[in-house]
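These notes concern the structure reproduced below.
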Amino acid sequence: MTADTTASTRRWTLDEVHALCDRYRTWGKWGPDDELGTLNYLTPEMVANAATLVRQGKVISCALPYDGNGPQNGWGGRVNPLHFMLQDGGDATIGAQEHMARLRYADDAIYMPLQCGTQWDALSHVFYDGKMYNGYGQEHVSSTGADKCAIHLATEKVVGRGVLLDIPRFRGVPWLEPGDGIGSDELAACAEKQGVTVGRGDFVLVRTGHIAKCRAEGAWGDYAAGDAPGLNLDSTHWICGNEIAGVATDTWGMEVRPNELEEIFQPVHIVLLVNVGLLIGEIFDLEKLADDCAEDGVYEFMFVAGPLPFTKAVGSPLNPLAIK
Amino acid sequence: MTADTTASTRRWTLDEVHALCDRYRTWGKWGPDDELGTLNYLTPEMVANAATLVRQGKVISCALPYDGNGPQNGWGGRVNPLHFMLQDGGDATIGAQEHMARLRYADDAIYMPLQCGTQWDALSHVFYDGKMYNGYGQEHVSSTGADKCAIHLATEKVVGRGVLLDIPRFRGVPWLEPGDGIGSDELAACAEKQGVTVGRGDFVLVRTGHIAKCRAEGAWGDYAAGDAPGLNLDSTHWICGNEIAGVATDTWGMEVRPNELEEIFQPVHIVLLVNVGLLIGEIFDLEKLADDCAEDGVYEFMFVAGPLPFTKAVGSPLNPLAIK
Amino acid sequence: MTADTTASTRRWTLDEVHALCDRYRTWGKWGPDDELGTLNYLTPEMVANAATLVRQGKVISCALPYDGNGPQNGWGGRVNPLHFMLQDGGDATIGAQEHMARLRYADDAIYMPLQCGTQWDALSHVFYDGKMYNGYGQEHVSSTGADKCAIHLATEKVVGRGVLLDIPRFRGVPWLEPGDGIGSDELAACAEKQGVTVGRGDFVLVRTGHIAKCRAEGAWGDYAAGDAPGLNLDSTHWICGNEIAGVATDTWGMEVRPNELEEIFQPVHIVLLVNVGLLIGEIFDLEKLADDCAEDGVYEFMFVAGPLPFTKAVGSPLNPLAIK
Amino acid sequence: MTADTTASTRRWTLDEVHALCDRYRTWGKWGPDDELGTLNYLTPEMVANAATLVRQGKVISCALPYDGNGPQNGWGGRVNPLHFMLQDGGDATIGAQEHMARLRYADDAIYMPLQCGTQWDALSHVFYDGKMYNGYGQEHVSSTGADKCAIHLATEKVVGRGVLLDIPRFRGVPWLEPGDGIGSDELAACAEKQGVTVGRGDFVLVRTGHIAKCRAEGAWGDYAAGDAPGLNLDSTHWICGNEIAGVATDTWGMEVRPNELEEIFQPVHIVLLVNVGLLIGEIFDLEKLADDCAEDGVYEFMFVAGPLPFTKAVGSPLNPLAIK
């Protein structure tokens, strides 16, 4: 089966990609003023149903620690978080807090690119032909932030049913290699083998094992902005056909790299983020969750993964929780 | 009733506060190496039971937007978040992204004190007599962060049953005034009037209306680091007696100010954070949740409010979600 | 005399300002590729001659301290500097530096808008009709900085003769009030009264006393981005006629505010920075220098005020030194 | 000659270093409240005399550009500068500045460790046995900065005579290798060969060629915090005997590494910064200056190198200018 499925990764022409965009474009589907895209698939009933998946009381985070040991290398200004102590136990000890009556304290601050670690892309993160999702012009995103499709709009929208698709376990390998693409047939086959269905409004977490590979090798290497396993252009058929609300992977850029054509950098983003309006997550650490799912055989869970309300931001770090 | 309840706010002596600390100190209760405090009360069963509270599929965030309009005034280095665009639609428009094939994008970054907005205090946030929760010395918190009781330890621990106690509605006022303290009797009476019980492992959100007051006045004023309504020292009896897992308020510092004695700055923190090891949340925006609870009469919900895994941090912003 | 001189501040029409721009535009004067503007006036002979003005061995800085007590209020993202200790004496004391053999240390970092305090504007700081100095399009300044007319080009170019014009002492007032404009006649008369000449390649420091006023009042008020005394449009005749290399004032924006017409924000910048290519300095603290000049009667000095080589930056903090 | 001079680099015992500290300690020499150390050697006469060295009108900066291509690798939190555009030409182009009348602009900000590039160490940068220069305790440096011996005190103090000692040219090599130490005899011999004297109050710039080596190799490698050529412990005899006001090198840490004993990290700092109170500069780019001196044979110059007044900071970037 693996031979067939990975064969879906191939060279594409620009025209083919444009046809794919045309086919799955949702602009206007939820009105001309919509800024949420596929999060519109989610209904209160789905939220309530998702909660019924909580049976064991297990809580598993998919967030990579935010610290100086993260995967970033400075590309495009993306550095790892810088953590500052504004006050600490040293200050308390040397008498630098004597102006406060008896209480002593520590306080801290962070500088971080919002997409340096586990993250959601806002729909305003990517443009094509001058436009983002729903046809909003890129001029809506200036140095003061995004006037349209900012991430803070999703603050209360990312609670629902989550499904993990563990591709390495499906293939019987420890991890996928850079360049390994994942297509529609493989996503469907993996779900079937895992005994889990996928449908409208679901959040799908696709594990490639790329983080496991880096850990095994003891170094991030070119994890950030380099070649990677991931979803290929063919995968968009399955994703759009199932009307899922969001997808996240354990790679820096969700999609297979090298890209399947040279004429577009990150073409799957152009299809899914710009045209479909799909919520995309990256650098999700799916290792612990995958181990747990393999152990109890349960690949569905309540998924609570709201971004933080960074006003007008084009992405957000978060603590995505799978609750089983 | 209000007269009796607010009367619990009074002057305390240092000895009385120390006796309170002695009475409720939990150090060692969960072992000498514990760093979680009252989060230990929470069991998988409680998580699973909390999920059964999700009936309508409503998701309500208690996070105040993180942006330049926040409440901070620079006190102690706490400024409001600074949002930077690393790339934006302007760059795409002026041709500054021509090195990328067709895709255009926006990217951003944040600088923020970790406790400048909606936040959890880590147990390493406050020291007394040189020690934090469980007796760890303040020397565990240096300029490189907290080696003990850091906030990242709670990443998967803050999922459970949440209860809102809406004190202004209980009192029949739009909001409490600075100096208005909330004690044990009032917490109990409010819960009773609302028809909700509180027990072990619960997360209790106490609304004072301080954010509503600032909104009504159109300015934050001295919301941050100034006088405020809040929990008084007497409230610790109810809090500890009920063995709750965490408490959060809509004020900058959780407790009533001016403090009830001059000898200790923020004495309720000394009791609850240092001695009890209670998770404390601040600047939670409870307005929308309170309106919703008043409308449907349901004051309990699934509460999913994990901090972000900022490694070795002493606090964390978050998106706390009440799911009903 | 004051009546006549301040009368030069008046309402201007857009056409008049455009005519002024046309009259003094230097684009092409130093070649089509020039990025230095009036700094070209400066010759090695002028540098050598300036050194002969050093007779007493006095060194006076015109830099306002860079710290949290600065004049900024957040307008346009301009906050006061944020100073972070990466390591400090507290760390040394609590044993957090035991990994180093015996040496203990402190280290620090800064975040600051480059124009939050004493500063030079780069010629890429302002655009008009899509262009900066010498006709370069504004598209040369993207989120990765200025490809043309950046401040780092001036690193070795700001050494020469400096002249202080102390307008309040000339007028016999402690300071000028917001709205008080300074025109060509007054600049000439002030120089004459002070017994100092001004000529090609000089750096002219014009004191309005605005910082003195704020100190006397004990607060910055709306010093930053508010109304201010300063150079008016008429002053450009004297400035351009004398072919000076640069001008700096003790106000946030160099020019008188409210502006002399509503159709252009900061019109003197449009004339001098965009069209003339003049180096403009702001928030120079001229109080100590003015006191010294009043005392010894010497209003000329060697002026060493290179910006720091922040690559591709549009402004720079600095330590401008008057050496007498 | 080279054989003899480099032989001065040797293993030292802890007792020998302590004896060296005792021998050259200046604590109390300029009073118990002094915070300037060897900058006290400088007199107004020296400043005036230094100005007479300006003959050709040449201005040469010794500052390395402050940008993302700098030498830092994150060690101890020292990253290269992060440059942010708060506004830029893209904003002007997409209409994001329409609220301003006609003027369009760019504005920017920087985050940088104060010692990430060309820098002066403040006397509060290093402690030994709990003390900094003049016996001030390390508790004077907390998370809010240095109450004693901060860099802003030197704002008007670093103007005088500068002398370049070009060790690689003296040795006839393109650059010194890591581990190559420079001692007193070699400093004296180099000055003699260059035909330049060194005396009280001078600022001495010692070139090792380490930056030239990195440029030749096309990479910084472990320039920052790694092994390096530099001044050895023996050099302190010449430095202290001559009563110079400051010394700067083109390496990250001024002194030869590996250190000459294992018991103290950076022992030359302990002697010179802590005990002597000498101003120390690091990462000065001396390549252009050295080429110029070799060409005109003039190794002395006016040296204007004031730090920026970062209040209470323990170091400062700057634009050090040699004026000939």
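Residue numbering begins at 1 within each chain, and the chains themselves are lettered A, B, C and D in the order written.
Just so we're on the same page, a contact is a pair of C-beta atoms (placed from the backbone, for glycine too) under 8 Å apart; a residue touches a chain by one contact, two chains touch by 3 or more.
None of these values were measured; they are calculated from a predicted model.
Following the contact convention of this document, A, B is the list of chains adjacent to both chain C and chain D. Where chain A touches chain B, over half of the residue numbers in use are shared by the two copies, so each contributes mostly the same positions.
If each chain is reduced to the centroid of its CA atoms, chain A and chain C end up 47 Å from each other.
Mean C-alpha position of chain A lies 28 Å from that of chain B. Centre-to-centre separation between chain B and chain C, using Cα means, comes to 46 Å. Among the residues of chain A, those in touch with two or more other chains are 77, 85-94, 96, 109, 111, 138-139, 142-144. Within the complex, the chain D residues that touch chain B are 84-86, 88-94, 96, 109, 111, 143.
Chain B meets chain C in the complex at residues 68, 74, 77, 79, 82, 85-88, 90-91, 94-96, 111, 138-139, 142-144.
If you check the complex, the residues on chain A that touch chain B are 43-48, 50-52, 54-61, 63-67, 69, 76-78, 81, 83, 85-90, 92-93, 100-115, 124-128, 130, 137-146, 152, 155-157, 159, 262-267, 269-270, 302, 304, 306-315, 317-319, 321, 323.
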